[in-house]
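Presented sequentially are two complexes of chain A, the first with chain B as partner and the second with chain C.
And now, the complex of A and B:
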């Protein structure tokens, strides 16, 4: 199976008064066709910046400094602005965390969907676009799509708005959908519906999905592959089953330990001591070492690269796999 | 939408009543006696007393006010106490030129302000932004009368490019257009700065909104992103500001009309106040206030047209 998207050595920096800081620092990832890559991490680990870097939508004063983002053999970072605009929406589409604010309140739902289509298909007639938009609304299971077409975002519930966002994102049949915390702002029941919908649509269209979330449950349910990010770097990646069953990096282990489970009786949930270091005050060596219960002196001096520890399963830790220490 | 407008219209009635009351009371606290003015400097106390009775000025205030409102509702604004010309006749003759001047001022200053503000907001922090903001601070800081005098001195007097006194004719004639340029530049000039600043703030605000990111993620061109998704949303606060600023514009019109001898309501008001012509002054206050109320009504309706959430409320 060939990879649809390959990210190599990606580094995205923000210029601040104290110099440049890297929100994403040397990330390598790949997304196979028709599969879902889950990117997990705490707030501020750089996962959203990573997704915006792929779209080349990192806002000033940020910019992608080095690396490549190859989609179907083309490096998106080398495209002209106009070519990149063609890619956005038609090849790579994106949905965001806040369906409440991600739609423009002053335009109708129908207008915003047809607008996405018109951006990449200038020949279609108005009636044709409208039909296609209503089709798109039907596809994301919005009831009475003909009526919804003329409604404004404030007339819809959060779940409906996220469906509209998905309809809009899929309007031009993209090969890759980047979903940045698509269910975080929604009720639990609605979350499940949206995830079901995404999975069904993926089966229907064969698109790849990058699913960004801090919710391990969502990843376990949706993702084929998982990448765990910490402080701007990928610390562990592999097939979802392998990472969950056999976590190798202490951070992943900590994350999994902090998830409440029905099949276990625990008085307290495990928590990782401390918090994610801000990007302007990163520790030397392994960025996780100040919070790591397994850290040794060597962790303080050298930044560990990703190492292949099992078939397709990599972790960036000199002590990995750390399971042995837990027992 | 229509209901929204009607609702606003009904709300304007008590506002108008308040304007009448305050205008009336203001005239009462001015330490000049209309009867004395009417009678002239050489009149005897008997004559003054007679005129006072004639004008109804010896009645209690509430009777005077009721009578005034009653007459007003019948279209009777009274007559000038200087030359006995009906106030409504004078207002009818001056309201056209004032509307002309307003239109000519807003016609160029609002689009220019919005354009400059959008450019400054989009290119925030760059030289373009700084230049435009400096310009707008300058524009806000220059008093209307000063800008008028400078324009008269250079463009009108030294270089003799354009006429600078009076109105050359209706707006559709060449003379009319030539004569309105300087007053319209003066009056509109003070408007560009505030509109530009407000537009810049509003555009900056909207550009960082999530839905603008969505628009970019769809693959829209920057022009479309700014026009459809930033400017359209930014217009709501800008329109509000314009509505509020029109009040100042009315004040500016009084000064501009005086400086350029423009035969409008503003100049009529100044003349009436200076000569203690009370009915005339009251008439001009009513017209100017009504202008303000109408503008706010238009703003409210535009508000609903721009923002569907207002329509629903």
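And now, the complex of A and C:
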């Protein structure tokens, strides 16, 4: 199976008074057709900027400096603005973290979905668009879609709004859906419903999903592949099962150690000491070494590249795999 | 939000409309009624006026209010003041409406563009606005009247020019806030064009700010327009206009004060009504005060 999306050497920088800083610094990723890639990391690790870079929606003063984002053989970064606008919504769609604010409060739900359709289908009639929008609402399991069509966002709950956002995103059957923390703002029970829905829709449509989250539980449930990001770089990637069962990078290990689990008895949760370094004050060498319990002198001097350590399982650590040291 | 399951979620009752919220405040209710009455009087002036606005009877010249069945008297030419006021109100309100619509429309568009293309257009547009703001409106009026000659057209043009920068600033401020909201980015992510984003998503969310300012500005513009007409730059005799009527009455202030005072009182009522209504609208539309 070929990859739908390939990101190579992507570097997104922001111009500041202190010079350019890279929020995403040399990321390589790929998303196979019909599969889900989970991108995990703490706040500020660059995962949201990465997704906006794919959509080419990084706002000034940010810009994509180098790299390529190839979708179906076309480099999105080389498209004209008009061509890129055509890609948005019809090829790649996005849903955002905050369903409460991602819908325009002054328009009805139906209007916003038909608008999203109209962006790519200028000559469909009003009645036809309405039918398709109701169909889209039905697809995201919204009860009484005919009635909801004429309702305003403030009349809907968070979960319903996120469903509407999904209906809007899928209005033009994109090949790739980027979900940026789609369930973070929702109640736990609603989270599960939304994740179920995304999975069902993926099976129906065969689309690929990039799921961005800081919630390892969500990734474990949804993702086929996982990429762990730290300070703008991918530090570990591989099949979800492999990464969770056999984490190789000390950071991944730390992340997993900080999640409460039912199947293990643990007195206290492990916390990773310190916090993510801000992009303007990155340490030399491996960016994780100041917080890393396994760091040695060599970690302070050079930045480790991703190394293939097992079948399809890569980590960017010179000491990986590190389980050997965890005694 | 609540954890209520989606299917059983009740449909929220409709919020009270703007009108009912306005009517709850006595000041707002009175100003709204006054505005409706004033606009109605202006619109239906030909039906309401007892005589023709240009009919004069020199025998009635400067007739005081109450005499000869003339409730508000007659002016120097012996024309019925009530008729003149109704038609004058019509001209003044039309001038104000045209100026707010034209100047406000252009100003709002500039404000949208400045906020939407913040990187490229915000600087140039706002500097232009600064330049426009540094000219007093009366001076602009004088210059325009010098170019196009005095008349209603010149006044409307001057008032429009004076309204553009104010509206541009207000709309820009409001649009900047809207631009930061997530739904703009979400709409962009669906592949919508810039023009559509501005029209469908940015503009409707700035509408309350535009509406409030237009109402407040309407009162100011009526006052400014009357001042320009009073100075002789606006409506020319014998066209009835409130400012021009006050100007004509100035010469007879000692013998027949009502000729100047009555139009001034009407101007006062119009401006006050629109100002109070504008403030009340702001309170009614302010989302922070919404229940």
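Just so it is clear, the second predicted complex is superposed on the first by the 327 of 327 C-alpha atoms of A that agree within 3 Å, B and C clash if a C-alpha of one lies under 4 Å from a C-alpha of the other, contacts with A are read in each partner's own complex, and residues count from 1 in each chain.
We adopt the following convention: a contact is a pair of C-beta atoms (placed from the backbone, for glycine too) under 8 Å apart; a residue touches a chain by one contact, two chains touch by 3 or more.
Quantities reported herein were computed from a predicted structural model and do not represent experimental measurements.
Following the overlay on chain A, a clash is recorded for the pair chain B and chain C. By the touch criterion stated above, A:88 is placed in contact with chain B and with chain C alike.
By the document's definition of touching, of the two partners only chain C reaches A:189; chain B does not. The wider contact with chain A, measured as residues touched, comes from C rather than the other of chain B and chain C. By the touch criterion defined above, A:156 reaches chain C but does not reach chain B.
When the shared chain is aligned, chain B and chain C each come close enough to touch A:115.
Of the two partner chains, chain C is the only one touched by A:142; chain B is not. By the touch criterion defined above, A:176 lies against neither chain B nor chain C after alignment on the C-alpha atoms of chain A.
By the touch criterion defined above, A:105 reaches both chain B and chain C. Listed for chain C are the stretches 3-11, 21-29 or 39-47, of which 21-29 clashes with chain B, judged after superposition on chain A.
Residues common to the contacts of chain A with chain B and with chain C across the two structures: 55, 57, 85-90, 93-94, 96, 98, 101-107, 115-116, 119-120, 154-155, 165, 168-169. Listing the residues of chain B that touch chain A in their complex gives 208-211, 213-221, 224, 228-229, 232-233, 306-309, 312. Within the complex formed with chain A, the chain C residues making contact are 1-4, 6-7, 9, 11-12, 118-119, 181-183, 185-193, 196, 200-201, 204-205, 207. Contact residues of chain A toward chain C in the complex are 55, 57, 60, 85-90, 93-96, 98, 100-107, 112, 115-116, 119-120, 142-143, 147, 151, 154-160, 163, 165, 168-169, 171-172, 187, 189-190, 193. Within the complex, the chain A residues that touch chain B are 55, 57, 59, 85-90, 93-94, 96, 98, 101-107, 115-116, 119-120, 152, 154-155, 165, 168-169.
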